[in-house]
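Written out below as C-alpha cells is the structure these notes cover.
So that you can tell them apart, the chains are marked A, B, C, D and E in the order they are listed, and the count of residues begins at 1 in each.
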Amino acid sequence: MVDLQNVTLRVEHLGKTFGNHEVLKDIDFCVQKGEVISVIGASGSGKSTLLRCINMLETPTSGHVFYHGKVIENKPKEISLYRANVGMVFQSFNLFANMKVLKNCMVGAEKVRKKSESEAKQLAMTFLKKVGMGAYINARPHQLSGGQKQRVAIARALAMEPDVLLFDEPTSALDPEMVGEVLEVIKQLANEGLTMVIVTHEMAFARDVSTRVVFMDKGVIEEEGSPEQIFGHPKSERTKAFLSRFTSQ
Amino acid sequence: MSSIPESFFGWVALIFNEYGGMFLRGTGATLFIAALGTIFGCLIGFVVGIIQGTPIEKGTHFGKKFLIKCSQIFVSIYVEIFRGTPMMVQAMVIYYGSMQVLGWNMVPIYAGVLILSLNTGAYMSESVRGGIVSIDLGQTEGAKAIGMTHFQTMIYVILPQAFRNLIPQIGNGFVSAIKDTSVLNVISVTELYFMGRTACGTYFRYFEVFFIISLIYLMLTFVTSRLLRILERKLDGDNNYDLIHDADLGEI
Amino acid sequence: GCASKAETPETSGTEKKVFRVGMECSYAPFNWTQKDDSNGAVPIMDSSDYAYGYDVEMAKRIAEANGWALEVYKIDWDGLILALNANKIDAIIAGMGVTEERQKSVDFSEYYWSGDMVMIVNVDSPYASATSLEDFRGTKVTSQLNTVWMDLIPQIPEVDEKPGLGGNSEILVAVRSGKLDGTILGETEAYSAVLANPDLAVVKFEEGKGFDYSKGEASNAVAVRKGDSETLEAINKVLSSFSAEDRSALMEKIIKMQPILE
Amino acid sequence: MSSIPESFFGWVALIFNEYGGMFLRGTGATLFIAALGTIFGCLIGFVVGIIQGTPIEKGTHFGKKFLIKCSQIFVSIYVEIFRGTPMMVQAMVIYYGSMQVLGWNMVPIYAGVLILSLNTGAYMSESVRGGIVSIDLGQTEGAKAIGMTHFQTMIYVILPQAFRNLIPQIGNGFVSAIKDTSVLNVISVTELYFMGRTACGTYFRYFEVFFIISLIYLMLTFVTSRLLRILERKLDGDNNYDLIHDADLGEI
Amino acid sequence: MVDLQNVTLRVEHLGKTFGNHEVLKDIDFCVQKGEVISVIGASGSGKSTLLRCINMLETPTSGHVFYHGKVIENKPKEISLYRANVGMVFQSFNLFANMKVLKNCMVGAEKVRKKSESEAKQLAMTFLKKVGMGAYINARPHQLSGGQKQRVAIARALAMEPDVLLFDEPTSALDPEMVGEVLEVIKQLANEGLTMVIVTHEMAFARDVSTRVVFMDKGVIEEEGSPEQIFGHPKSERTKAFLSRFTSQ
C-alpha cells in the first residue's frame, strides 16, 4: 500500500510522555508526497503533540521521525534545515511580537532561506494577499483580530515555501467565509504538490479537503482511511461515536 | 574669599566658586566612563546571556559541544568573579597587576572603561538571563518552526523583545555605573566623586560639597531616566497603523 | 549649627564624664585594630575589637588626666568630621595634620606629634639613593588624597603629578607596580610601611634639600568642635605636659608594638 | 611569629591569623545588613512598583485621585533621589543629619539597614516596573474580566509572575548590597570591607588583604546565586501533574 | 418590541476607533434577561471589540453601556463590580499562568466574591466537571491542550456565577463532540436564566443555541433577528453572501 519512493514523512513507534502522563503511544504513520491528511480527534487526544513531535518541537520519548527516508537526528543544524522544509502553523499562532505583519512573513525567507529582501517581500506579499491580509502589513500582531492573526500565521508558514506543512487547527478562528477561502488556498497548494497534515475540528473541512483522514483517540491512531471511508463507514465504535454529531447534522 | 562663610549656602557658593570647574571636568570623566561602560557592559551582557542560554543538544558535533561547554564555563566564571568581588579590587588587580606583571601601562580612563564594562557586563548578563526567561515560549517555538537556529532565534526574535523589557535594568545599570566610577579613583581616574572628596579634604565641609555633587548626580540620572522612558515609548511603537488600500497593494 | 546645644563632654548622672574619641583604627602606627586588649588596647565601641597605637595612648592619657571615661569610635576618615559636628564624638585623634583651611571648620589642639616628610620609592630604582628633591626632577609622584603631603608635591622640580589616591596601601601598590616613581609620606608611618614591604625604601632628604613645609603641616593635633573651648583647654593642658623626648620615647615603644612586629 | 613573611601566601596566612576573627565578624555585619536591606528593599520596590503602576481612571473619586497622584509624585521623588545620589551621601545625611538636627542617636547597624533598604528599594522599583511590563497583557485582562480590582490583579496575578522573572534582579540587588555596605563605614558600621581597609592600614599589604576579602565576598555571592537558582527552579514548578481519576473526583 | 423592564444590557451609539481606524460605528444593541445572543460576522468585523467594549476592557471612543438601566461609568470600583457580574471568556483564554487549573477557577469566587475557600472549591469543581476538566485540576495552563484551556476558561467564567456571560468564540478549539457538550451546558445555563452573548463562527451552534442572532459587518450591525429569520430568510445581501457557504452545506 505504501509507495516507499514517495514517502515524504514517516513516523515510527513514536511515543511521548510528560512526566507519568503518556500522551502518544507507539504511533506509526506515514505521509506521502502530495497527500493532504486530516487529523481529527477529541480535545486532548494528542493531535497537537503529534505535530509538535513531527516538527521536533517536542523531543519524542521513543521512536523516530523519517524525512525522505532519512531519520531526523537531534542535531541543531539538521533540525533547522528540516524545519525550514517542514513548516508549522500553530494553534496559538505565535506571531513574532516585535515585528509587523510584513516582517513576520519575510523574516524566514530572508534569514533562513537567505533570500534578498525584495524577493522575501515579494513572497510575503503574495501569500498575505492570498489569505486576505494584504491591507494589514503595517499592523503589529497585538493589533489584529484572532482570525487575522491566524491568517498571518498561515501566510508566514507558506512564505517559507516548505515541502510539507503541518497545520494545527488552521481555521479555528475563522468565519465560514474565510474558511472557504483558506480551503481554496489549501486545495490550490495541494494541486501545486505541497504535502499537508492538518489537525482540524471542522469535519466538513476535513471531508472536503483531504485525501486521507486520521482519527486519533487517547494517544493512539484509532482509525485511518479515505474521507469517504471514515465519514461514510467508520469501523471503530469510538470513531462512530465521535462523528455522530457531525453525521447527524 | 578670605572671610569664613556663615551659612550653608555661603559655603556652597564658596566651594562652587573654587571647585566648579573641577567638578565639571569630573562630571565629564564620569559621564564618559559610565556611558561607554554601560554600552560595552550591555553588549557583554547580551553576548554572555546568549552563550549561557545556548542549549547543548544530544546530537551536536563533539567539537562544537566541547566549545560551547568551555565557553559556558568560562563566562560563568567571569560572571561569578566580576559580580562577586568589589570593583575597586578588580581595578587594582587589572591596572597595577597588568603593569607589574605584563608591563602594560594603561591610560587610567580607558582602564576605567574596561573595568566598568566588565563589571556592568557581569550584572547585565544576569538581567539578560531573566529577560530571556520572561519572553513567552511561543515566540521561540514560532522562530524554530520556520527553521531558525538558536542563534537566529535569539538575535531576531527573543533579544529584541527582551531588550525592551530590560530598559529599566539598563537604566539602573547606567545609574550604578555613574556612581561606581567613584571607586576608580584607586587607579587615578579623576571623576566627579574624587573631585568632591578633594574639595572635602580641603575644607572639611562634607554636606556642602556633597550637596553640589549630589545635585550633579541627580541631574545626570534624571536626564538619563527620562531619555530611557522616551526610548521605551518609542520601542512600544505607534498605537496606530495604516491600512494599505487595495489600489496601493500592487505597488508593494 | 545645632551643635551648640551640646555641653561637652557629656555628664550623665553621677557617672564620670565620657570622652568620646573618633579615629579610623586603620593607620599604623598612630591607630590600628587588634583582636585583644594586649599592651593596654582600648575596646572599640559597638564592636568586639580593640584599638591601640600612638593616638589611642594619647587619648588614654588625656582621659586619665581629666578623670574622664574613654570611648573609642571607629569611623571612616570621611565620617570623622561629620561625627564630630553631629556631636557623636568629642574629639578626633587620628593623626590629623593642621592646615589653614581645616581650621575654618574645626579647632585644633597643640601638636601631639611632629614628624619629618620623606619619600618612598622602589628599593631597586635609581631614586633609592636620592638625597635631594632635585634628584626627583620629572618623576611621577602622588600621595594620599586629602593629606598635607599632596600639597608638597609641586615642590619637586618639573614633577609629573598624578591624582591622589585613597589609602596608603593603594599608593604602595602603585609605587611597586612602577606606575609611580615615588610617594610622599610622614616619616613615622613610612618606616612601618617599608617594614612590611621590603622591596620599598625610604628616602630621607638631607637638611635643607627636602620639602619646605610649615610646622603644622608636619604635625598632628587633636580636632574638636569649633568653639568647644572647654574640651580644647582640658586637652591642651594634658598635651603641654609632654616634652618632645617623652613623645619620641612613646612612639618608639608603640612602633615596636605594631601587629607587624609581634 | 615575629618574622616578616616573604611570600604572598605567607602574608595571607599571617593576616588571616591575626584578623580572621574580625573578618568573620565583619562578614556577619555585612550579611546582616545586606540580607535585611535586600528583603526590605524588595518590599519597598514592589510597593513602589504597584503605586507607580496604579492607573488614574477618569471616573475615580476626586479625593482618591488626589491621594493616588500625591503618592505617585512622592514615590517618584523618592526613587529619583535615592537612585540619583551616592549612598555614602545618603548615609551621611540620614545618620549625621538626624543626629545634628533631630538629636536622634541611631544605632549604626540599623541605620545601615534603613539606608540600604531605601537604596535597594529605589533600584528595585525600576526593575519591578520592567517586570510588570513584561507580563502578557492577557493576564491583566483575564483578571479584570473576573472583576478583580487593579490591586488584586497585581497581588494575585501579575506580581507572582513578575517575581519569578525578577529573581535574577533580586540576586543582582543582593550582590550589590553586599558590596555597597562598604560605604556605611562613614557611619561607623564596621563591616567586611572596612575590616579589610583596617588590615591594610596596619600591614600595608593591599593585595594580600583583599585577596582574603574578595574570597569571602565570592563565597557569599556564589552561595546566594546558587540558592536563587534553586528558588527559580522551584517556582517554575513540577514538570509533571497528576490526573485525578474519576473515582476520586467525588471526594474533592 | 423591547421590554425595558427586562433589559439587562444596553449599548447606545457605541463607537471605537484605534488611531484612525474605525472599528465600531455607532452600535445600538440591547440584551434582555435570559436571552442567548449569537454574534456572527467576518474576521475583523469588530465582534471581539464589541464584547471588549461591553466589558469595559476597551474604553469606547463614544457611546455608553447600560447595565440594568444604569450607565456604566469609568469608576474602578463600579467597573470591578460590573465585571464580576458580566463575565467574559476570551478568544485567547488568558488563563492565569501562575495558578493551577483549580486555582484559576477558584480565585475569582474567593477574592472577588469573598467566598470561603471550600465554597469556592466546590463551585470551581462543579463547573470544571461540567466541562469535562475535573481530572486536570492539578495541571498548569501551559500543560493543557488548546481545547482543555478553552474549557477551563469557560469554567472559570462560570464559577463567578455571573448574571451575563460574554463568550468570544467559546468552541473554536473544541472538537465536535466537545462542542456538543458545551452546547448542552450553555442550553442548561440558559434555562437557569443566565443571559449570554456569544461570538461564534459555528453557524450550526448559533442556529441551535441562540434566541437571537446578530450579524456584524465592518463595524456595524448589518442585520439581527431570530435564528430562523437570519439563517432562513436573510434580508441583507451581505448576510446572504456570508451565510451562503453554510446554508449550501
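The criterion applied here is as follows: a residue touches a chain if its C-beta (ideal position, glycine included) is under 8 Å from a C-beta of that chain, and two chains touch if they have at least 3 such contacts.
All figures in this text were calculated on a predicted structure; none of them were measured in a lab.
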Smallest count of steps, each to a touching chain, taking subunit A to subunit C: 2
Given subunit A and subunit D, the chains that contact each of them: B, E
Reference subunit A; chain at largest CA-centroid distance: C
Comparison of B-C and A-B (more C-beta pairs in contact): A-B
Gap in Å, rounded to a whole number, between the CA centres of subunit D and subunit C: 37
Euclidean distance of C-alpha centroids - subunit D vs subunit E, Å: 44
Euclidean distance of C-alpha centroids - subunit C vs subunit E, Å: 80
Between subunit D and subunit B, distance of the C-alpha-averaged centres to the nearest whole Å: 19
Multi-chain contact residues (two or more partners), subunit C: 78, 82, 170, 173
Touching two or more other chains - residues of subunit B: 92, 136, 164, 206-207, 241-243
Sequence positions of subunit E contacting 2 or more other chains: 18, 92, 143
Interchain pairs in contact, sorted by label: A-B, A-D, A-E, B-C, B-D, B-E, C-D, D-E
Contact footprint of subunit C on subunit D as seen in their complex: 1-2, 4, 18-19, 21-22, 25, 88, 92, 95-97, 99-101, 105, 107-109, 185-188, 190, 194-195, 197-207, 209
Subunit A-facing residues of subunit B, complex: 57-61, 136, 138-139, 141-150, 152, 156-157, 160-161, 164, 237, 241-246, 249, 252
Complex interface listing, subunit D residues touching subunit B: 80-81, 83-87, 89, 92-93, 97, 123, 126-127, 129-131, 133-136, 164-169, 171-172, 175-176, 179, 182, 193, 206-207, 210, 213-214, 217-218, 220-222, 225
Complex contact set, residues of subunit A against subunit B: 55, 57, 73-85, 87-88, 90, 92-98, 100, 107-108, 111-112, 121, 125, 129, 134-140, 143, 156-157, 160
Subunit E contact footprint on subunit A (complex, rising order): 18, 40-44, 48-49, 91-92, 143-148, 151, 168-169, 172-180, 201, 203-204, 241-243, 245-246, 249
